[in-house]
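Okay, got some structures for you below.
Same chain, two partners: subunit A is paired with subunit B first, then with subunit C.
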Partner chain A sequence: MSLRRRPQLSFPDVASLEGPLLEVEDLHTSFRTARGVVRAVDGVSFTLARGRTLGVVGESGSGKTVLGRSIMGLLPGANVERSGTVRFSGHDLTAMSLAELREVWGMQVAMVFQDPMTALNPVVRVGRQITESLRLRAGLDRKGAQETAVALMQSVGIPDPVRRLRSYPHELSGGMRQRVMIAISLACGPKLLLADEPTTGLDVTVQAQILDLLATQQRERHMGMILVTHDLGVVANRTDDIAVMYAGRIVERAPTVELFAHTRMPYTEALMRSIPRIADPSHTRLRAIPGRPPDLAAEAQGCRFAPRCPYVQDRCRAEEPPLRTAGQDHVFRCWYPVGSPEGADALARNVTAMVPAALAFTGTRVRDVAVAPDGARAPA
Partner chain B sequence: MAGSGTAHMRGGDVLLRAEHLVVEFGSGGHRVQAVSDVSFDVAPGETLGLVGESGCGKSTTGRAVALVHTPDSGTVTFDGTDLTALSARELRRARTKVQMVFQDPISSLNPRRRVLDAVIDPLSVWGIGTKEERRAKARATLDAVGIDPDSAGGRRPIEMSGGQCQRVSIARSLMLDPTVLICDEPVSALDVSVQAQILNLLHDLKRDRGLTMVFIAHDLAVVKNVSDRVAVMYLGKLCEVAPPDTLYHRPQHPYTEALLTSIPEPDPASARNGAAPLSGDLPSPINPPSGCRFRTRCPYAQQTCADEEPQMRAMGPDHFVACHFPLGSQGPGQAADGPPSQIAATPSAPPPPPPPSPAVAPPPPPWQQPPAPQSAVPPSPPDEPSERPPLWLNP
Partner chain C sequence: MVAADAGTESVLAIEAIPGATGAAPSRRTGLGALFWVCAGWVALMALLAILAGVLPLKAPNFQDYSAVNVGPSVHHLLGTDDLGRDLLARIIYGSRVSLVIGFAPVAIGLAVGGSLGLLAGYRGGVADSLLNALSFVILAFPALLAIMVIERFWQPISLLKLIVLFAIVAAPQLFRVMRATTLSYAGREFVVAARATGATTRRILLRELLPNTLPAAASFALIGVAIAIVLEGALAFLGLSVSLPTSSLGNIINAGVNNDNLTLNPYIALWPSLYIFLLLTALNLMADRLRSYFDIREVKL
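Take a look at the complex of A and B:
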């Protein structure tokens, strides 16, 4: 059985592609909920060239998963509003009908989901889950699809693939399941891969294998890749550019080396400082960021990071900073950026004024008090 | 790495001591030894970090020490008393001083109970104090963990974030003034910035209340940060026990070094780029490898490793390892002379194409080489039996 119709869209041969592979312009995605309108993605723009990897870093509630799904158009039908443009290989994905999108999904743009146990169908054998898209989209016959599936499984490092075709997901380990997910996503040879937290929940040695695998596949197929994660360590070595998200917006975007060398946005800096490093001596005091990410349903005024920012000043609470440039391809959102004289000034003023975020940031010993949006002490 | 042996045990004034613990699950032919002859001790005021990957048995060990799982054999001695020899009633009383904090903060709280009530519970169960005293103590403890009892005390877990729920769990575990806190992956389910808050909180509470901690996690960086002593586990056995800084700078066990190499450093300039030194998956715990359990993935494995289970032995002051060929005892280049590395031999070894032919000498493991960029992958497609190029390689 094949759903293959005459393709409605034509995608240019990638070698002849002019311009970026993916262009996202002012993407907004909001959900209507009982609590109000939750602006999960609040004005995101970026471009991605073929063969490059973009890391999207953010915590829970930053909008990074919704961003990936908005780009692909994998959103619920009801109570969702999406605006902005997503141009892939010359086509506007946001203007496509479902039929047209079906030609894009899997074939041109593919996604690796976060939790393989829930993303894979538990009652269908793994082999069939891989051959499914090969038969439906690529129109292969049963034998051809099986052979391709076996070769795919080999290329993602699944041992004994012929036997594994007949396994169910629960019979495989976490690492194996994620490899199956990657095989499914690569089956039809997409040009863009969106990997949404592909290694969260996996052991660190398996994580390293999976990331190596993704990097190799990307290099061989010359794909564009977007790696969405909360782990700065994962993106530090495997991405060309990094976009840091907070409260639905990109707050800093730069080439990877530049981001780590010349961080500008205080949130990025605070995030880097709060991670325990293996090289630090034991019992190093961690520079935790007090408070919690903001409620996306609440009305925003000023910079969304202000309640937790060590550099915060009055202007930050009143006016939201726009994206500004700091050198080659490096944009950020801050009035008092890291490494600037006004930033250093602001931090010093805050430490004197005993602003909790500044005290926590500079390592002054204070109990980790949560800071509510209005600055008063509140439950964490 | 099958680490049996008690060379790493200290005599004298230890608060918590587990000896030859064995915990089995399953029945009949499918018994799994999740914890297989594990011994360790914890001195008063010390934090022991127990680290290892999924399936190594660290959580089960933690629960066995708290007697949540009754060990199938072995003893757990707390403050001089052998907990495994106590009757149920005596155990219940002795156990109040050993409390646990669990991994999933939201599901470890009763979803139908309000936070303040959940925290008061331990005192109610034991009938300690009057109602007002219990309430006061619960409020004070919630305050100590950074939760405002007035605004959050009346909430239910579903209304709170992961970090807040974990704070409530910690408060609840402190209510009976324990001496030992066993934290089973307390920050694994939390976001990075919240993780830092909780780790700092645990550190402060430990200092303020003189707690002794057993901290179980799979993240070596987190464990290193909080521990005074670290024990590495693999497939139910102990590999290595050492102070955290020593473990990092001079790991002796191949598995420890593999773990360290796999950790991705949040620093693009770092030499440790999280390249995968270990291939394959954990062997089945139902039928673990003979001799040393790590030998199937170990690049230094020799025949001795299959024949004989290594015992814990001292490699330095307070540094113990269960390995026949610890890293410090090998000369440079010795590893390359060993039998074909497991990394090269298995067809599943990433990165894929082309898999090295068996005749090619396996490269020395990545962490023996100077930091190198990712190996160049030959641009040609892999050898395929069929003529047409595979579908998924872009033209």
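Take a look at the complex of A and C:
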């Protein structure tokens, strides 16, 4: 294997890199299934500067995991179509051969997987899972790899690393396993880390530890990071930018502070409102978003959030809104954005018309609308 | 009480102090004594067969007409047969055929069928479908009958030919076991994770998948060995294995039940039958233990 010529790719040092670390342009990924073509990622574009963190938020089935894998090129071979470009450090990953991609994977771009239970090989000791890529990819000898592994384990906060290296994955707790996962992904010093729901399977206290660990490592190594999650709370104070995904598309993207301060997209607003707040009185009903995400195999017409949107108007069902700009780096897809006069009008009209999503959203009861004294239906 | 307290304390200490060298995780229960007894038995039999030439055994084909059909004695530990041949020597030499026929084809089948199964299970595609179809075709023939028919047209029967025929029967079965287990692991996330660190296909197959799939195949292979030994016994019994006077367990049993030997001297048939019984029991127990040992992992999670 060592005789096989490795493809020569030059990656500029992080420090000397000009331009963004990652540019994703009009990325489409679809799966051919028995039910039809499922467009899991449908025209996603964004850029990520080095040392920055992008949070990708969306509910299950919004295409965020597929987005991560599409960026890396880690898709199952058959029945998948991908188009668009993914430029990493100026190299187009979509145009690379498998051999070239292997040089990128692990060394340049690494991934932390959702479930450390399944992402670690159950019958291989943790130590070998870490040292393997160190030896094969980074070219360290046995001793060097062992020492680096111990240092890595220490840096991800695993006590007694020498002993832990000899453990099998099932001998570790969920949090420990995720730390090992992170250590493996960091082993070869990647410049971009894709974390795909790294805390989903963990309990809340461990979640915070893992997220802090990722943030620390990202800062220290000056990596770019994409943090994929379904929990807006997770990315709220740990990311520079947030992209909200719905049905395979980015529906709103903004710097984190801007997104929370001036939310434009009704879906983002609904997501924020669905986070339970500690200040709420007890037994407050969770404001779930009614309905389900759309079937990605179905033909799309209009805005894909329309069936669940409290602001929905006829135009939304007929015409899909383009990405509109609102201030610095803030884009969204909506005809009647939150916080705009049109948006407020649309919501008021919907409450009057007793659109269920709007009633649920505003907490208006049907009675209040129906018994308006002048006969016209108006909100009380 | 004091001792108990000290114990609790040290457990807590391991948890609390980073870098404390506590006891290694105490999960290793091992394969158990029974497995090793069985393995020892199989190893002993193999050793006897290999060393038959240098052991102080009588010549297996020497006919001592002064000692026909004698029972077990100091001169003939297991007695002699109806032609005055030493049964111990004949069984040990005969076991060479049985063991070679048992292990060699399964080893070949594991190497060929197993590696093809690993590759087919991971890669899928047209090659996988074709291999799968081929394995079905071979498996559709009753093994014993197929071997007998082929032997009819491939005279004279030799050990090598038997090994080839048995391997052809064993390979598709091991292919299917390996392919099935590989399929169940190939979609797991740790394979994707390995790809994400830039692992080559070869490394994924050998380092990620094989350690997971080999136990099932190995356990199946052990049963395969047992089946092959029985199959050879059956063929030898029908006179379709290696030709006389070369002894094999099957043809000793055959001789033992012919010509009223079963009533005159039941030892002739008894010893080789006992040999096969013990060997097969050992192999089956080993296979069973191996299978459950590697299954526990899933349960314990």
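Miscellaneous remarks
We take it that the second predicted complex is superposed on the first by the 357 of 380 C-alpha atoms of A that agree within 3 Å, B and C clash if a C-alpha of one lies under 4 Å from a C-alpha of the other, contacts with A are read in each partner's own complex, and residues count from 1 in each chain.
Definition applied: contacts are C-beta pairs under 8 Å (C-beta built on N, C-alpha and C of every residue); 3 or more make two chains touch, one makes a residue touch a chain.
On a predicted model such as this, the values are computed, not experimentally measured, just so you know.
In the three-chain model built by superposing on subunit A, subunit B fits alongside subunit C with no clash. Greater residue coverage of subunit A by touch, when subunit B is weighed against subunit C, goes to B.
Legend: residue contacts after superposition of the two complexes on their common chain; A:115 is shown touching subunit C, with no touch to subunit B.
Once the two complexes are laid over each other on the shared chain, residue contacts for A:174 go to subunit B alone; subunit C is not touched. Of the two partner chains placed by the overlay, only subunit C lies in contact with A:124; subunit B stays clear of it. In the superposed model, A:203 lies in contact with subunit B only, and not with subunit C. Of the two partner chains placed by the overlay, neither subunit B nor subunit C lies in contact with A:299.
By the document's definition of touching, of the two partners only subunit C reaches A:106; subunit B does not. Of the two partner chains placed by superposition, subunit B and subunit C are both touched by A:159.
With subunit A as vertex, the superposed Cα centres of subunit B and subunit C define an angle of 80 degrees, given in steps of 10.
With chain A fitted onto itself, subunit B and subunit C come no nearer than 5 Å, counting C-alpha atoms only. The residues of subunit A shared by its contacts with subunit B and with subunit C are 159, 187-188. Within the complex formed with subunit A, the subunit C residues making contact are 17-22, 24-25, 27, 124-125, 188-190, 192-200, 202-203, 207-208, 211-212, 297, 300-301. Interface of subunit A with subunit B (complex): residues 13-14, 59-60, 134, 138, 140, 147-148, 151-152, 154-159, 173-176, 186-189, 191, 203-209, 211-213, 215-216, 219-222, 230-234, 236-238, 256-257, 260, 270-272, 274-290, 292, 367-370, 377-380.
Residues 1, 69, 72, 74, 78, 101-107, 110-111, 113-115, 117-124, 132-133, 136-137, 159-160, 163, 166-167, 170-171, 181, 184-185, 187-188 of subunit A are the ones that touch subunit C when the two sit in their complex.
Contact residues of subunit B toward subunit A in the complex are 53-54, 146-148, 151-152, 160-164, 167, 191-197, 199-201, 203-204, 218-222, 224-228, 243-245, 248, 258-270, 272-282, 346-353, 374, 377, 382, 384, 386, 390-395.
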